[in-house]
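After the structure tokens below, expect a handful of questions from me.
Order of writing sets the chain letters: A, B, C, D, E and F. Residues in each chain are counted from 1.
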Amino acid sequence: MNDLFLDRLIDLALEEDLGAAGDITSVALVPADQLGKAELWAKEEMVLSGLEAFAHVFARVDPRVKCELEASDGDRTGPMQGIAQLEGPLRALLAAERTALNILQRTCGIATAAAKAAEAVKGSKLKVIDTRKTAPGMRSLVKRAVRDGGLQNHRFGLFDGVLIKDNHIAAVGGSITDAVRAAKANAPRLVKIEIEITKLEQLEEAITEGADVVLLDNFDDARIAEAVKQANGRVELEISGKVTLERLPILAKLGAAYVSMGAVTHSARAMDLSLEVQTIRPRR
Amino acid sequence: MNDLFLDRLIDLALEEDLGAAGDITSVALVPADQLGKAELWAKEEMVLSGLEAFAHVFARVDPRVKCELEASDGDRTGPMQGIAQLEGPLRALLAAERTALNILQRTCGIATAAAKAAEAVKGSKLKVIDTRKTAPGMRSLVKRAVRDGGLQNHRFGLFDGVLIKDNHIAAVGGSITDAVRAAKANAPRLVKIEIEITKLEQLEEAITEGADVVLLDNFDDARIAEAVKQANGRVELEISGKVTLERLPILAKLGAAYVSMGAVTHSARAMDLSLEVQTIRPRR
Amino acid sequence: MNDLFLDRLIDLALEEDLGAAGDITSVALVPADQLGKAELWAKEEMVLSGLEAFAHVFARVDPRVKCELEASDGDRTGPMQGIAQLEGPLRALLAAERTALNILQRTCGIATAAAKAAEAVKGSKLKVIDTRKTAPGMRSLVKRAVRDGGLQNHRFGLFDGVLIKDNHIAAVGGSITDAVRAAKANAPRLVKIEIEITKLEQLEEAITEGADVVLLDNFDDARIAEAVKQANGRVELEISGKVTLERLPILAKLGAAYVSMGAVTHSARAMDLSLEVQTIRPRR
Amino acid sequence: MNDLFLDRLIDLALEEDLGAAGDITSVALVPADQLGKAELWAKEEMVLSGLEAFAHVFARVDPRVKCELEASDGDRTGPMQGIAQLEGPLRALLAAERTALNILQRTCGIATAAAKAAEAVKGSKLKVIDTRKTAPGMRSLVKRAVRDGGLQNHRFGLFDGVLIKDNHIAAVGGSITDAVRAAKANAPRLVKIEIEITKLEQLEEAITEGADVVLLDNFDDARIAEAVKQANGRVELEISGKVTLERLPILAKLGAAYVSMGAVTHSARAMDLSLEVQTIRPRR
Amino acid sequence: MNDLFLDRLIDLALEEDLGAAGDITSVALVPADQLGKAELWAKEEMVLSGLEAFAHVFARVDPRVKCELEASDGDRTGPMQGIAQLEGPLRALLAAERTALNILQRTCGIATAAAKAAEAVKGSKLKVIDTRKTAPGMRSLVKRAVRDGGLQNHRFGLFDGVLIKDNHIAAVGGSITDAVRAAKANAPRLVKIEIEITKLEQLEEAITEGADVVLLDNFDDARIAEAVKQANGRVELEISGKVTLERLPILAKLGAAYVSMGAVTHSARAMDLSLEVQTIRPRR
Amino acid sequence: MNDLFLDRLIDLALEEDLGAAGDITSVALVPADQLGKAELWAKEEMVLSGLEAFAHVFARVDPRVKCELEASDGDRTGPMQGIAQLEGPLRALLAAERTALNILQRTCGIATAAAKAAEAVKGSKLKVIDTRKTAPGMRSLVKRAVRDGGLQNHRFGLFDGVLIKDNHIAAVGGSITDAVRAAKANAPRLVKIEIEITKLEQLEEAITEGADVVLLDNFDDARIAEAVKQANGRVELEISGKVTLERLPILAKLGAAYVSMGAVTHSARAMDLSLEVQTIRPRR
């Protein structure tokens, strides 16, 4: 299925890398009809994500490149494991290689980081969710990688959920009640209302007005526990702010439903993947 | 000066975050004519980069947003230092905030990582350079961030330098001599020829044919030292493969001119920056 | 044959409906490899138009969707008649459904409204033509629907015919003679000159200067008849303004060659069409 | 605030009307430096919507065109009421006129139709909501027009709410329970789950599984009343199918919370608006 | 007034010349805040055309560049005559220079070639017109240049005139009568019908069926004269095929109304224009 | 292999020629399912270039058009030689014909002009190179045509080579030494440094600082010879300014390595190519 937004990102990435001048090394050295094949390798342990986008980059450069996947998004691979086989015009393989890997090493990095976070809260009821802190143009790839790593997604964008922050509350005059009521009156029909609070005292008002979720902004552990106790199941609670992998097991014991974690998407390390390209002797 | 490629990335990032539906929270809660102001803060020590792109995101959302920069790309900021003041329609400030920060936290992260690498080789003749391992669509932002951090850029793309790898050599029949000659005959007029070698024995042939730079692919320290000795200043040498911040000081002593380092651009941690947005009471 | 303008409209329509986030219901509930089939039904009597665009929406979402048309543009269908069979990935069928129907229900509505207008003047020499009052981006689809309904098109755009209105006459100083002469001197080689008049007295001057068509703007029936008599076949006359389906038979008797009618394209009711989608059990 | 999707629609509409050849009548008759002014008139009673888009079309054709609005979206205007004053290069006014009106006559038509539906249920608790049956590319304009007319919006697109239809239920094996559970497990964090039922017997299961809204597809009045009774406030109910303006007062008495109505957006009549353009004598 | 097609061409031209990497010479040598000025010179005698597009290239690169024109399209300039003064950021002047000149030297070349053709038939009734043999993407610039040189335009594109060639006649079965009738029945309302004939015997049939123009394809002078005599003013005649500047005065005596000439647009020599750029010392 | 920049140019060219209205002659006269075939002829002697782009235009209009090339880029063809056979829907052949030829007649013209220049210096060591004086949007096509004609390319754009002109020298304060040093310090890693000098006295300084190439701007023959003598092989010299085909043999004797020649790309005459289109009788 086509993803028109992803197509635009891939085109942009190819155009910045190739320019109108193209891959001058290949043009100088590789005959236009030279065929090649390539194997994609995971060079360390990782959770895979973004394989279709990887394949799509090659198809965009030249539809004659065939890519056969030997693993799937969400799979955990050992080091030095083959993931995909490609075959097609050698110039196309070389022209697409870096752009395709630049995507894949990031999506696999995010899926792998997500899997670590999922592992850290395993067995508890706490669910780790992502944020909108994604590289520009990569939102759908990143959201998918987070799911491939075993976490759930928070809002995709500004359009699929109401999240009332302090600025919004200030804009309606400072009252949580007014803010939630305005949201309920004006928001689209099928989105939930989440409201960020910075003080424990604001919780009751948010619950009373029927917010669907309350975000505890930068609460310490004690205050989180207190909020959970006070909410007593009447509203979903989300922990946010300074969340690290190390802190997750502690947070998991506090009883909140969700914790959002920016680092999974904004600072995941790129995975080590490589493409071994080989020349195929032309038949003639 | 307009950057048409950057414009496309910003549009894509805004469209994926806003969709056609827009920021439903602000539409529900913030009057269309409500003004706001905002201050950009660096919340940890970092080297700045990407400030113009940051400002441009807001201008693209609404040209009425004014952004005054209080620091410049390349500046090193202490923690909790103000970087920019913005003022304009509150809805626009909120709609652009995340997209602008998603860019800036990455460019500053890369500049900061680059500065650390520059520091690691300070005083030596070794120059650390970047690679093409950049997030899709962010090439020019990333290349600039690398320079803001004090490093030099390698090739920008596939078009501004010939880099002959093993595949290219294989495609011309396996001979380094043939490869360099073909490159010299066919490459554009003002680009240099770099060739990757995997064995020390290939060095002499590359030098003889007049390659401008020789890339030592995954050479250990002893072989690098041997290559430097053998080249004896007749060609520039570039070290590549498994380069870490820790290994840089060691490499700095081996006598090669350049070392390329992917981690600076593919795995730099995002910097902690925040935008404090405030409502301005409308005059009426 | 590709229609690059239509491609842009379809992309825009898909992007506004899917965003970068996609069809979250299908992603949550339908396996990626689930196949489906669908039948397109006309649920009331109508004249068909836009079937290729309808099929194209599905192909754009996923080229694997196959669409077999069982009727053609211009066909009149009874109620509850099957029009097309589709088969392909279920997610693609569901993602494209609404966008495809949003186009088709409008083009069929316009073709059906056009057919009614054609019927109203049947047997007379009066030809009903359309206007440029079309939904933004749908010009070529709408112009085609008008023809499929049995009417002729007026100008397609501002580029394929000169139509001199009062503003243009004022801009050259108020003289019909000067206006027609300027048009003849400056207009492209193969377009005709039409001029709008608001008073009967202007007719003779327009004819004398060799206008190809004279548009009678908001003339009542008596004045139209008088104009026809005065023109006496020396120029084509077009009736325009407040034209309803009911008034057409009356206008048909007045002797003018053309009547343009905006309602056919700006206010046609959407036709009732539905797509019955079914799950196909995967073979495994 | 810029709307990048709307910009694309306006560009497409202008390009289809002007082509690369432009407005040949104005080029032939109107000097390039000729100024003009124009007044926008509502020629019948209507509710306004889309005025910013209207103004934006002129600004896109020539930024020197100034447009002063004398009324606001959501205003009800009497017949022959002035709405906006424009001034700028005459060629630009004439080139943009039709495209701007083609948008405005539709958005005002939809706002006016929406206002009639709102009137029909006034005093009751029933809320009329729209559908996704909008002209391609006009989604955000149409959704806004619906609100300007006094109704609420249903989902904006496929991304801001889960709506489970029979196909989705079939795809998970036929069980409502399974469908709602899968949706809850996989859907984004802040969207609600709506499920369509075709038989009264399915209601209890949907409620038990915690669906947020249940859509009663093509239920007659008696069955709607029965469903309301059975739900007894445990879930929101939405009426859908064959909803006409005439039927609304009857539906308003049945106790359901929402009724969705496609005709407001797919078949609203275009409003009668006209732009009176005048030549301004150049100063020299 | 904006020209959306021209904008796309300028963007494409700038992107191919600058890539995402930009003007590396200026970035290396010119401070970002360095101002400059430039003067545009005609270095040979020519007719000017395309000055607005020239200025627009600079504005697109940086809106701060101001361009004051000292001459107008259509003006004939002597050698070494100043045409425009520019001032703005030096980097922008240098980045836009080549792209702007690449357009202007072609449009001026075409206007100058057109002026020579106009001169060659001066005093006769023969009008020289252009063809669609224009550089890709430059159609509107070229058509305008032809007019600036004093000639008239033929069709702009495939959409503003019917031109029936032998293929079309073959497609309707070989009959000129059938071809003209089909065109009259199906073509848009305000375009004329031109038909190409290859034999003198076809002329009468074309006239009888009411073709507006007859194109004499590759007729020699004698046959042209015979056709003029036979047509006797009943139809406009266009001469086409192997038309050179030298042949024009001969053709001018044969009595045909029009002659179309491809060389004016497809092979005009580029004019010699240069931009003298100077550094302005920054005030500080 | 796809060329995304070329795709944009072809789309732009097709959209300007077809508009949204399309080829009204074919729509009026040619049935939608009518097939046709076509043969491409070279009507004069020429060197071929751009054949893939030619074929691509047809494929873009309708992927069902098949194009079989009977010659290759770089081939020299005699007059009246067949070059390609096409077959497909007749409407598509006719719609694409002019746009495809508009490209091909220019690329072949440039290749042929390049071949003449190559011929003029044959046997000497002087290499003729091109400039950036190319039609907007056609850079890659033109650069390729130059190579197909037997010449080498200068810089492709502003990004793949440093070329220091007088403005740049002025911007760094007037010193050639400072200019070359700044370039070496700041330019990307694999590009060479070329510097333009206007006086013989500047040569030594440029050589001393290690410029890779020195461009002799508008030097007469005597001064060129003197520069060659003075450089004595220490730097490559490029001749530039007022270079004609006639002057090439003289320049070839002066000993410089390169001469750049704008006329090859900015003023090459279009080649005479024609497409003979024929109707194929539909099988039914």
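The criterion applied here is as follows: contacts are C-beta pairs under 8 Å (C-beta built on N, C-alpha and C of every residue); 3 or more make two chains touch, one makes a residue touch a chain.
Computed from a prediction, not measured in an experiment: that's the story for all the values here.
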Chains touching both chain C and chain E: A, B, D, F
Chain B and chain C, separation of their C-alpha mean positions in angstrom: 51
Between chain E and chain D, distance of the C-alpha-averaged centres to the nearest whole Å: 44
Euclidean distance of C-alpha centroids - chain B vs chain F, Å: 32
Contacts with 2+ other chains: residues of chain B: 5, 15-16, 18-22, 24, 95, 139-140, 156-157, 159-163, 188, 191
Graph class of chain-chain contacts, one of line, ring, star, complete, other: complete
Residue numbers on chain F that touch chain A, as the complex places them: 1-5, 139-140, 143, 156-157, 159-160
Residue ranges of chain C in contact with chain A within the complex: 11, 14-15, 18-22, 24, 60-63, 89, 91-92, 95
Touch list for chain F against partner chain E, complex: 5, 8-10, 12-13, 15-19, 21-31, 34, 36, 90, 94-95, 98-99, 101-103, 105-106, 109, 132-140, 157-159, 161-164, 167-168, 170-172, 179, 182-183, 185-188, 191, 262-263, 266-267, 269-270, 277-279
Complex contact set, residues of chain C against chain B: 15-16, 19-21
Chain B to chain F touching residues, read off their complex: 129, 152-156, 159-163, 188-192, 194, 212-213, 258
